[in-house]
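In the two assemblies presented below, subunit A is common to both, partnered first by subunit B and then by subunit C.
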Partner chain A sequence: MVSHVAFWVLAVVAVLAGAAVFIVNSMARASYALAVSFIGVGLQVLLLQQNYVGVVTILMMVMEMAVMAVYMIMFMGMNPALMPMSMVHDKRHALAVSIGVFVLLAAGTLIVPWPTRRGTPPADVTMTLGEELMGPKMLVMAAVGVVMAATIVAGVVLAAHQTRYDRFGDDLRRRPADDPQPGGVGR
Partner chain B sequence: MSDPSVTVVPAFWALGAAGLLGLLASVAAIVDGLLSARAAGAAAGTGWSRPAGEVARLMWQRRRATVAADTLLWRTGGAGLLVMALMIVTVVPLGAWTLFDLDVGVVWFNAMDVLAWAFVWLTGWGANSAHALVGGYRFLAYGLAYELPLMFALVAPAVAASSLNVGTIAAAQQGLWFVTWMPLAFLVFCMGVLAIAMWGPFSAAVAPDVAGGVSAELSGVDRLLFLGGRYALLAAGAAFAVPMFLGGGAGPLLPAWLWVLVKTLALLAALVWLRRRLPVVRPDLFMEIGWVVLLPAVLLQDLLVAGIALARS
Partner chain C sequence: MVLLVAAALFSVGLYGALSQQVVVMVMMGLELMLNGLILAAAGFWWFLAPDPSGQVLLLVIIAAMTVEMAMGFAVATMLHRVRRVDMTDLARDLSR
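Here is the complex of A and B:
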């Protein structure tokens, strides 16, 4: 009973907070409305007794919103981010796409014949998840990790205006590098 | 897997845990008051009453308002630190008793400490004041540098005990405390606690050179909650270090719960004392130290711990 009530309350909170992302007029409010939505989802995963996945969802999403605030300053500049602004762009197309996706997913949940449960959940789901990721799926996970790290580095390199020639000079021999923000270990 | 040696107490004991956390935070504030009085050359007696006087002053003070403040986010951020500290102590076993015997307690601590990123930045943002926002971004710069080393420092005890449950980790070090063979992970963990509480070397986010930074515009009850939250985070961090690195309730003569309190108080006093012993590190310089020095060092520590754990099993 209690978990039913908790599930529905969290579901409503997650959906409303998700909707608030597009209604509020400040980037800070939008970011943290999204965080609240994800915290709701993370707590629902806890209700499914997937403790590790639930807690990690909360951890990653809260951190991600803070990192978003960093990117907001790095790449958007201070002024637009600090002013009240609309959180929606290209409303007509976005609305069409989002309604289409919603109909597709909702139809999927209704039409697909749900499989019945085979077997029983293991006693320690966290351990089983870890064995699954680190055992037979290790290669996939390791490859995905490298690809994600490379994507992040490539994204920052493409977005940053400074190149290695700015840092190390035309012949790449200048030491220490000429950085606008000097590092702490004197490289 | 949860540990059978830990008993889950009924939920109403959460009030007791909150009271205990409040007591520890008050002790931290009094120790800091005594040390400030000594540093200022005042009589020691003035240090005892300093925190009480400050609480009374802030309760009485009128709230300052700023133009176009985002009040919702501002208040959420200011009160959030205290909530974080309370959530952390729910998974810390006091001897044989725990409030919340979560199988992934270590990840829980990590998720709660990451909330500081949100709450501190929101406190800086909400006031709509330049100095406060600068403070908020200083904290995020620290965060980018300390969070990954802190995460990998938490990995070491979990690997050694083959569990993410805090009670099991405490039980795994009955013979030898983890701090003795993973000292680097312990030091990085303590650094993380100082950083979350914006304390001592990591106080640039609330530093006087930006008029108090994140706390520049906080006044009255809001300031009291924020300050109290910082002390409570120090206390909660010290309390979490006890089952992770300091053997939990292990110790001679005294009962386990008392040992937990004694160790927590000792570590808490040391953390408070450090405030006047270490210089403030600049967030921009610390970024590179975190990534180039601390992260590889703590990864080596994890490798060593994993090797020893593998050899022992």
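Here is the complex of A and C:
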């Protein structure tokens, strides 16, 4: 009973905080609202007995929102907590599409005859998840690891101000390198 | 009921992703949609098949979320550096 009440309170908090992201008039408040929404969902996942996933969701998303706040200050060139803003386009169509999608998903949720539960949850969910990841599902994690590594490389390549092609030319043969501040051993 | 909450989160995120002009806010909308997906997957796992391997799917969704954020921030950085632009409408020619 207590967990039911807690689930509904968290559901209301998560959805309202999610809506607040696009209602509040500053980007810093929006990122805090999104963090609150993620914390609500993370706690709901904890209530669904998935301790590891719930904690990972909360920790990761709170850090991500902190990074996002830094980005806003960098790109907006202002104090985002103090600067009111409303930058939307095609609001009416977006609202119609999102309401339509919600009605469709909710109808599917209510109409579909969901099957009964198969199997029972393991006694220690986190431990069995760990065993699964280090055993039969190792390939999934290995693939995710490669994707993450590729993301790091691609992110640096995209975001870097000056790459080796800027320094050494397209054929990488230009010497000395075209550096904004010359220096280094032997120069 | 878990799925209804997930659907609400997904729809709010979709509204944000479609309506917002600032790139970072569009990313917030996408994040909110994935937030709904996490909740739906957790609900499916608990109420339909609490098999340990099902949780791996949740970890994959979280990883996808991280990749989306990292690449989104990298593209936003490049866009800002090359064009001094932080709004989708000002980079509309990229969709051609």
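In the analysis below, the second predicted complex is superposed on the first by the 140 of 187 C-alpha atoms of A that agree within 3 Å, B and C clash if a C-alpha of one lies under 4 Å from a C-alpha of the other, contacts with A are read in each partner's own complex, and residues count from 1 in each chain.
The criterion applied here is as follows: a contact is a pair of C-beta atoms (placed from the backbone, for glycine too) under 8 Å apart; a residue touches a chain by one contact, two chains touch by 3 or more.
What you are looking at is a predicted structure, and each value in this text was computed from that prediction instead of being measured.
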| item | value |
| --- | --- |
| Partner contacting more residues of subunit A (subunit B vs subunit C) | C |
| Touched partner set for A:56, first subunit B, second subunit C, both or neither | both |
| Partner chain in contact with A:19 - subunit B first, subunit C second, else both or neither | second |
| Touched partner set for A:155, first subunit B, second subunit C, both or neither | second |
| Subunit B versus subunit C as contact partner of A:133, first or second or both or neither | second |
| Contacts on subunit A seen with subunit B and repeated with subunit C across the two complexes | 52, 56, 67 |
| Touching residues on subunit A, where the partner in the complex is subunit C | 7, 11, 14-15, 18-19, 21-22, 27, 30-31, 34, 37-38, 41, 44-45, 48-50, 52-53, 56-57, 60-61, 64, 67-68, 71-72, 75-76, 87-91, 93-95, 97-99, 101-102, 105-106, 109-110, 114-115, 117-122, 125, 128-129, 131-133, 136-137, 140-141, 144, 147-148, 151-152, 154-156, 158-159, 161 |
| Subunit A contact footprint on subunit C (complex, rising order) | 1-16, 18-22, 24-25, 27-29, 31-32, 35, 38-39, 42-43, 45-53, 55-56, 58-60, 62-63, 65-67, 69-71, 73-78, 80-81, 86-87, 89 |
| For the subunit B and subunit A complex, residues of the former touching the latter | 1, 70, 72-73, 102-104, 107-108, 110-111, 114-115, 117-118, 121-122, 125, 137, 140, 143-144, 147, 164, 281-282, 284-289, 292-293 |
| Residue ranges of subunit A in contact with subunit B within the complex | 26, 28-29, 32, 35, 51-52, 55-56, 58-59, 62-63, 65-67, 69-70, 73, 123-124, 126-127, 181-185, 187 |
